[in-house]
Every structure is written in C-alpha cells, then in structure tokens.
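Shared chain: chain A. Partners: chain B in the first complex, chain C in the second.
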Partner chain A sequence: MKARSAFAFLTPFLAVFTLFSLLPLALSILLSFLDWSPLNPEQAGWVGFGHYARALHEPRFWGALRNTFFFVAGTIPLTTTLALGLALLVRLPLKLRTLFRAGFFVPSVVSMVVISLIWKHLYAPFGGMNALLGWLGIPPQRWLLDPELALPAVMAMDVWASVGYYMVLYLAGLETIPAELYEAASLDGAGFWARLRHITWPALKPMTLFILVVNTMRSFQIFVEVFVMTGGGPMHATETVVLYLYDAAFHQFRMGYASAVAYLLFAILAVFSLLELKWLRSEQRTLA
Partner chain B sequence: MTSRAERRSGPLAYLILLPALVTMLYPLWLMFRLSVSGGEGGPLAHYAAVWREGLFGRYLVNSAVVALAVVLGNVLFAALAGHALARGRFRGRGLLLGAVLTTLMVPRQMLMIPLYLTVAKLGWVDTYAALIVPFLADGFNVFLMRQAFLGVPVELEDQARVDGAADLRIFYTVSLPLVKPALAVMTINTFLSSWNSFLYPLVLTTSDEMRTLPVGLALISQGEHSVDWGHLMAGSALAALPVIGVFLVFQRQIVRGIMAGAGR
Partner chain C sequence: MRGTPFGPILALLALAGLVAGAGCGRKGGNDQASGQQEVTFWHFWRQEWITPLITEFERRNPDIHVVDEQLTWQAGQEKIQAAIAAGQAPDLCELGSTWLPRFAASGALMDVTPIADSLRGEIGHWEPAMQGGRVYGLPWVVGTRALFWNRALFRAAGLDTTRAPATWEELLQAATRLSARPGVKGFGLNAGERYVLFKKFMPFAWGNGGEILTPDGQRAAFDSPANAAALAFYVQLAKQSLIEKQDVIDRAFMDSQVGMMISGAWNLRVFAEQAPGLEFDVALIPRPAPKRGRHASFAGGEYLVVFARSQAVDAATRLARYLIGRDAAVALCRAARSVQPAAMGAEDDPYYRSQPKDRLFVEQLATAVAPPPHPRWGEMEEALDHEIEGALYGRKTPAAAVRDAGSAIDALLAEDRR
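== the complex of A and B ==
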C-alpha cells in the first residue's frame, strides 16, 4: 500500500481523533493549572498547583474520595468472587446452561440509567426490598434515604448489574485451561477444592488481573448510578469523585478546579493499576 | 469431557443457579410489569401516554439518529484507518499506533471537561454534531480493525494489485469482505455504547429537544413533579428493548467483542 493512500485512509479518523481526543487531553492538563470559568472566559489566571492544593484541603473532595474507595473496596472482591463462582457453575453440563449464561449477562447490555431507575423503585419505601424484608420479619428500611445504607444499597445494585460481564470473561479464561491438567489431578485423587486451588485459580491469574484492572478503572469512575438514584445524597453520603467533579464543572463552573480533581483521580487510578500489575508479577514468580 | 463428579453436581448447581437466575431477571421483569399495569385503558396505556405527552418520541428519535450515525461513521473511519495501520508503509506508523493505544488508557470521564469546551468553542453545544462527531473516531475500534486486517493474507491483496487495482478498490473488494466478523463485533459494540451513553449526552446538550433516551429518562425521574412509575418504566422498557433484542440475536458477537478487549 502506497504511503499516499495510507494517509488518505487515515485522514478522517485522524482529524476527529486529534480534535476530540489528543487536543482535549493536552487542554485538560493546561486547564488544571488555570483559574478559568466559562462565565468569564476572557480572564484566565495561572494558579500553578493551586487547584490541586485546594482540592486536598476540601472536606467534600475527601468525602467523595472516601465514598469512592468504599465503593471500590466493597464491590470488587464480591463481584469477582461471584463472577468466578457463576462461571464455574454455568460450565457444568447442564440442560439450561445457555439460559443461565444469557440471563446473568443480560443486565450488562441494558443502560445503567434504566437499571438505576428500576432499583430506585425496588429501594423505594413501598418497593420490593421492603416487601422482602417484611417476609423475613425485618422492619422496613429507608434505603437510599438513609445516609448509612444508601451507598451499600447502590453497591449491591452495581454487583448485580456487572457480575455477568465478568462471568463471561472468566468463562473465556476457563476455556484456555487444558483438560489434561484436570484429568491428571483427578487420577492423583485431588478433590473439587484442591483442583480449584492448585489448577483453576493459578491458571486464571492473568484473567483475574485483567478483571481487577478493568473493574478498578470502571468503579473509580462511578457516576450514572449515584446521579440517577441519589444525586449524591443524602448529605453527600453517596457523592463519588466523578459526581463531585461534574458538579464543580457544570453547576459551579469551576472548570480549572474540576480538571485538577480529574487528574488527582487519574493519578490514583494509575497507582492502583500499577499495584495490581506488580501483585500479579510477584504471584507468578512465587508460582514458577 | 464430562466427569462423573461433574454430572453428579448437577442438582446442587441448580439449587444455586435457579435462585440466582430469578434474582438477575426479577428487576427486568418488574420493569415490564410496572410498564403494563395500573394504567386505565389497557396494558399499553403507559406507553401510549409516554408517546403522547412530553418528548419521549423525540428522545427515541435522537437516540436512534445518533446511534446510527455513530455506528456508520465508526465502521467507515475505523476500517479505513485500521487498514492503513495494518498495510501502509509510512514513517510514524508505530508512533501513531502507540498514541491510539495510549489514549485508550485514559479514562473517558477525564476528557469530559476539555471535550465540552472544544465542542462549545465550535458552537456545537446542543446539536446533533456534538452528539455524533466527537464519537466517530474510537481508538479501540481502529485497533480491532488493524488486528483483523493483519489476518488477511497479503498475497490476495498483492494479486489484485498486480491486476492493476487501486488501493481503495483493493480495500473495498478484497480486504473488507474478509473482515466481516470484526465489522460485526465493532458495529454491535458501538451501537450498544452509543445507545446507552449517558454522561456525554448529558453534558453536551442543554435543551429538552436534544436529549437522548437515557438522559431524558434520568432528568424526568428527577423532575419537580412526583414520579409516575408507570410512565418511567414504559420509557425504560423502550430504552431497554432494542439492546435486549440485539443481545439475543448477536450474543456471540458481543462475547467476541468482550474477548477482543481482554486480549489486547
């Protein structure tokens, strides 16, 4: 293929990619060092790391960060474990296994807004959750209106909505394990748990890592769920970092400050992804 | 291979899987039930009301127009760019591929503010252009197409070249038909993410007429009037049905798309 044709082929993509990916990326770094508001666009002052320092002194930022960490730490281990458990179960030679696989995955394709609305109904005072508690003889709860319960309630929904997606990834990981490994282990008399611990789990390590990285990236950016279900309330109890920066940028018009918050979140994300990669490498070394 | 132990574990598996399935499907069933009950004038009363009152029809049209344009644009742009990255011999190819892959690492939400400012500078806020153009170039799709084109035997393209065909003609008649599976994966992935997209359409539109379905639904649910759950669930069902339909028909492509992401 001639270089000239290659450039012609690339031009449409490159034009959009430059204007709406590369340029915004460069712009956002600059913006985080400026005091700039769309309400007063002519006056932009250089503030250096001022926005970053400001964020670190802002109790609401720390509250949002704490909620986000709580969300990540609470959902990811649960989602990952359940996804692996379901993947192992729907791999068994069952008649209904196609139905199970499809049924567990289907929430992953439905809009998060729709899912959040349905769960808002479930958590309403008259909703399904309180009906369920009633059957069990437990008094009704205020769920999304209760500062203590609101965040865990949103987290439970997130586990429900995302577990099928990671189950599919684990299923693909399980396909790659050679059957001979299991046959040899069975001959050696290894039971279900022994095989899980010594064959399945080590062989799935790369997939587990991938799932952890993807889910960490996603969960640190949780937005739609809280936007729709609680708006960050009650009393900021469910405000996440992205919801906080959305509010700063589009309600308070502090674009520079919000950009700094976005970069702080990005730094945290990068550190976590690196730690997860490192953890996998050391695990692989101990196994070898 | 089915071991005896695996066959024995069947009943136990059902004991866990059946309640799990009920748990997974109940909320979606609840949506449909609420959308068809409680209204006067038959089971579709909420749907009719949603269609008549407010701007639901408009939201639906907006979502469909945007999804269609974004899918077509992505297929065209990513296929062309992917082919150039797979077959073109030019300086800076590796650098360009690196740049594309690097931007994939940056979370989309990070670009929300600068992208909004870029769109605002162009005077596009609250237009179809804002909802479509920035999303026509997706780095992941380009990467997917590059990988697919690398799998096409070079000899086929060279043969066509010997016969005197131009690059664009070779691309269109020789290479493109051979990467149909990847095109299908990209089409379905792009449709799902465009149809369900929320944060960007929320930020890039200001008038009620320009909202897409997810944004319209979310904002109605937060309105000052008390929430009519029947209406809201009918609207939700309208947003959910197309993607559930696509999922039921194209399950295999969706799963392959997920795996393409994992293999990168």
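== the complex of A and C ==
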C-alpha cells in the first residue's frame, strides 16, 4: 500500500524522466550503431561498431580528447585550490565580507554564454587583457587566435567563472567543522598551517571529493565556453570532445557517428567517476 | 544506404530530442474556411527588409497567406535539419549555396528543374543549385568579396590614391608601406573562425589558375604549383597584416587601423551607418601580375528551396518566383546592401548606376568563382581552412599545406564514393 502511493507520487517525475531522458538515451545508443542523417530521416543503415572504430582512427577525435584532458587536468586542481583559499578568506571577519562572498559567487548564476561573450571581448586585440598587459609593459597577445594560448585562455576564464560555486560548497563544509577542534589545536600550539593541514583539510575531504567528482563530470563535457569564444579554433587547438561531436552531428549531419563519440566520452567519464567515487567511499570509511 | 525498420523509432527520437530546439513550425496547406493557401517560409533577413516584399506578394496573390520566420546565421542550419527530421520543414526556405548541395543530395529538396528551365533567360547563377544535372534551388541573391582600401591612409603613407593595388606585388608593397605607420596594419587577414578563411584565400588561388577539384569533380586538384604559390604569397601578406576574425577586422578598418581588407558588400551599409566620414573605396581583388591570372573572388549565394514534403508546392513556387524576380530582388538588395540580385541585368537598374561601390561588387561577381557544389563541401572547406591556417601560423610550408589539403579532400571523396 505504502509502496503504491509512493509510486504514485513518483509518477510525474518518472514520466518526464522516461520520455525526455531515458528514451532518448536508449535511442541514441541505437543511433550510434546506425548511419543516419536527419536530412533523410527514413533512411538508416546498420553499421555495427563501425562508428566507434572510425572515431578511434580519427586524428581529430584524439586531438579533441587531448584538449579535453588538458582542460580537465589544468582547471580542476586550480579551481579546487582557489575555491578552498577563497572560502577560507571570506570566512575571516572582514568588512564587506558578504559583498566578497556574493561577488565570487555571482559568475555561477550568470549564463555561461554571457560570461564567454564578455571574456571574448576582454581577450580581443584591443580589449581589456591587452590593455592590462600594456600597463605592465608586456606586448599584446593574440589570446584566442594563438594555438598555444587559446586553450589556456579559455581555461583561465573557466576557473574564474566556476570557482565561486565550489567556494560556496567549501564554505558549507567549513561550517561543519566543530570550533572546539581549532581551540584545542591552538592550545596545543598549532599554527595556521598546522591547523589547515591536520584539521581543515582532513575534515573537508568528503567535500573535496564531491567537488572533484562534480567538476570532473562538468569539465569533461566542456562546450559552451569554446563554442562561443573560439568555435574550436585556431587549428582545432580548443576543440573539445563535445564540440567535436556537435560539429559531426549538426554541421556534417553524421548523427550516428556523433552518438558513438558521445558514448566513447561517456565510457571515459564513467571510469573516472567510478574511480573517484570508490576513493570517496574508502575515505568516508576511514573517517567513520 | 538501405532502408530499415528503424525509421519510425528515429522519427520518435527526432521528435523527443531535436524538435525541442526547433519551436513549432506549421505545415502549409489549405485553410478550408477561407479557401486560402497557407505557405510557411523561413529566411535569414531582418523583418523590416522582407516584410514589405511579403505584403506586396500577398496583395498580388490574395489566395495565399505567407507565414514567415526569420532564422539566425548561428542556429539556422540546426533548426532546418531538426525540422526536416521531425517532418516539420517549412514549404519554402532560404539556403546558402554552400549548404544547398548536402540538402539536395539527401533528397530533402524538391526537384525544381522545370521551373529553372523556364527562368534561364532571366536568372543566373544556377551552378551551385545543381546535383547530377537536376536543379534543386532557385537563385535569389548572390554575393562576393572585394578589396576595401582606406584612401586617407594611402595618402598618409604616400601611396597612389587614384587607384587601388591591382596586382599581388602592388598589394604587398602597399601593405608594407601602410604597416610602417604607427598603429596601422597594411592588410586585414582572417583566421580563427568558420566559414570565412577559404573565402579570403581562394581568390588568390583561383586568380592564379588554381582549383579545388578536377573539372569532373572526382578528384582533388588542390595540390598544384598555382595554389602553393598563392599560399606562399598569402603567408607573406600575413606578415604585414592584422590576423583576426572578420568582425574585428571590419571594426579595425572602420577605425583606420587597417589599410586594406577583403570583405563583403555589407560593409557599405555598416560604414555608411557607423563611420560616415571614412574615406574608403572598393576595388577588384588583385591578380597575380599585370597580364597574368584573373581578378578572381569568392561567389556565394542565397537560394530558395521547396522541401520535398511540402503540402503547398504551388503557393511556395509562386512565392519563390516572385521573390527572385528582378524587382523584388533589387528591392531586397537595396535594403540589405550586402548582396546583389541573381536576376540578370540587375546592374542596369538605376540604383546600381547611381552607386559605384555597389556596382563594383556586381562587376567583381563576373570573375568570381563558386566552390564546388559537392554534398561534402562543408568538410572539404574545414580541411582547407585547417591547412591554410597551418601555413599562416608557420606550422607547415605552403607546399606541404596544399599537399595535405589535397589528400584530405581526396580522402573525403573516396569515402563518399564507397
């Protein structure tokens, strides 16, 4: 009886989830084994694992994968460290503390498209970044057009834009640490670094792992930033896996191939997330 | 490709996933109550430019009601393909010449060869709309690129202000002299974005006798001494250039930070609105040497296509015939000032006689070249852009870049034949 009414309450969610998430998901698996163009929807040819094999032999796929890994490996440690640093800073009894907290968090509630457009202007040849460099006596850079600089430039923006959200998560984590621990440590003569290392960091570990998992999933699927700012260029230097599959699907009309690439990304992402979750669980056990 | 029973399932997927971004298109057809035919029409123009034409058409054809919708350049193609997949395509749609071949080859477009045959004396530029000898689109407006030059900067640099550079050597010399002035770059050269790069480089390659495909369209012809020489020149020109995206270059030209650029007629409208004092002129794109090669340029166009599934073919073709007609096309081109009518003899229209800069674009069109109307042109273009950019960034020699572009195109052609 109880189960039945619970199910009734769940039905609205389940219906929407099935129709708009589960079903398209299942169909896209099917699609990844087909040769299908939306221009010709009645025609579809079975190609088996052909698209998967094709992707693994495609230099552009590997380039996109390399860029994505570079993005993930470059932004996540930086974002996480900065988020913790900021969380510690805005907990200090500063004047205007609320203003700082809000200020760092604001980018998280602004659309990524808007942020990307603003940064595109900052990186423009006569834009803010080059003006800043000019004051420092450094020659102007071709931020988004230099194959070496374009991806790091996008990554810098992403760190700036996402750090506030993780800072708030860390703030919540910091609230849970009992003040007595710090008092006791201070009595024992522990300085700032000792307290950070032996109290704050271990106590925040579950939060850190949560942040890592969430941020990994988000960063592997990076799209809007590069789509708006560089379109994957110059010379595919900023082309990420999702941008690549978008291009295959919506510019080349290779829906099946694009789906296969999406599932390859899904497989990589699943492995990473499982490893992180396993780590998270083992850490929770040691804490408990 | 063979047919399979997946069709209905895929249509369902399309409905669930794709149409979310497509809004709801209405099918054309007969309205029983009023006896009026409804025709849906998707285009890329500002409402203030297109509405007067549609109003006039409806006045002349009281039995037809046009439901039009403006697409954006950023998302238009996605929206069209989602609509096709969902069976919600409009009756009449505007398509760019570089997109049309793929849509035509997929069977989504109605064969309009009989209409084309009846219009051949009045309208030009059919080639990009043809697949296998049949016609799948009606030429509406065409556009090309020409050389813009800033006369005031030329004067300040002590250059000839009576005429623009006409050869590669003159172009490079002028660019070098202009770049010597503080805060000025001689030329604006495109990089870092889609759909643009090859349109700016190919004029030099085509002008030098280079080609992209063999005349029969079966093999790549890109790896040639003519193309390598053109690319080598382009790389040299790049050293005197602001290498940027189109909007930045247009802006820099407007601000007299760039002395010359290759760009489109839309700047005639933009500069008149935003920089009325700018002392500039337009000229044919320089050719290799005084008596060698051609003043080639890129030719593109907008075509009107009827979707194969349309329920309002008659109304759609009547609307298309009206829109591509000389009067309507000239009116549109006058308002938009970015393209020229595909209708023949438009350059004799009083408007073009009174506008020498607009007229120059019509003149440039005569020696402009359209990219091959191949269904996989989009991917070929991508390969070209990639290799041209590689040479510009010094990653490859021009000879290696044209060779690699040629083999990339050959690989696409081979895949397409399979």
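Here is the rule we use: the second predicted complex is superposed on the first by the 263 of 288 C-alpha atoms of A that agree within 3 Å, B and C clash if a C-alpha of one lies under 4 Å from a C-alpha of the other, contacts with A are read in each partner's own complex, and residues count from 1 in each chain.
Keep this in mind: contacts are C-beta pairs under 8 Å (C-beta built on N, C-alpha and C of every residue); 3 or more make two chains touch, one makes a residue touch a chain.
Note that this is a predicted model, so its numbers are computed, not measured.
**Q** Quick one: classify A:Ile115 as touching chain B (first), chain C (second), both or neither.
**A** A:Ile115 sits against chain B, while chain C stays out of touch.
**Q** Tell me which partner A:Leu19 touches in the superposition: chain B (first), chain C (second), both or neither.
**A** After superposing on A, A:Leu19 lies in contact with both chain B and chain C.
**Q** Who wins on chain A residues touched, chain B or chain C?
**A** B
**Q** Quick one: classify A:Val90 as touching chain B (first), chain C (second), both or neither.
**A** First partner only.
**Q** Now for A:Met235: first (chain B), second (chain C), both, or neither, which partner does it touch?
**A** A:Met235 contacts chain C only, not chain B.
**Q** A:Pro38 in the overlay: touching chain B, chain C, both, or neither? Say first, second, both or neither.
**A** both
**Q** Could you say whether A:Trp279 touches chain B, chain C, both of them, or neither, answering first, second, both or neither?
**A** Touch status of A:Trp279: no partner.
**Q** Look at A:Gln221 in the shared chain and tell me whether it touches chain B only, chain C only, both, or neither; answer first, second, both or neither.
**A** In the superposition, A:Gln221 touches chain B alone.
**Q** For A:Leu269, select first, second, both or neither according to whether it touches chain B, chain C, the two together, or no partner.
**A** first
**Q** Which partner does A:Phe49 contact after superposing on A: first (chain B), second (chain C), both, neither?
**A** Neither partner.
**Q** Looking at chain A, which of its residues have contacts with both chain B and chain C?
**A** 19-20, 23-24, 27-28, 31, 38, 231, 250
**Q** Taking the touch rule as given, give the residues of chain A at its contact with chain B in the complex, in rising order.
**A** 1-3, 5-10, 12-17, 19-25, 27-28, 31, 38, 86, 89-90, 92-94, 96, 99-100, 102-107, 109-122, 128, 160, 164-165, 168-169, 172, 179, 182-183, 186, 192, 207, 210, 214, 217, 220-221, 223-224, 227-228, 231, 242, 245-246, 249-250, 255, 258-259, 262-263, 265-266, 269
**Q** What residues of chain A sit close enough to touch chain C in their complex?
**A** 19-20, 23-24, 27-28, 30-31, 34-46, 124-125, 142, 144-145, 147, 230-231, 233-236, 250-253
**Q** In the complex formed with chain A, which residues of chain C make contact?
**A** Its residues touching chain A are 1-4, 6-7, 9-14, 16-18, 77-78, 81-82, 84-85, 87, 102-103, 106-108, 191-194, 242-245, 248, 252, 378-379, 386, 389-390, 393, 395.
**Q** Report the residues of chain B in contact with chain A in the complex, numbered from low to high.
**A** On the chain B side, the touching residues are 1-3, 5-7, 9-10, 13-14, 16-17, 20-21, 23-28, 30-31, 34, 76-78, 80-81, 83-85, 87-90, 96, 99-100, 103, 106-118, 120, 133-134, 136-137, 139, 142, 157, 166-168, 171, 192, 195-196, 198-199, 203, 213-215, 217-218, 221-222, 229, 232-233, 236, 239-240, 243-244, 246-248, 251, 254-255, 258-259, 261-262.
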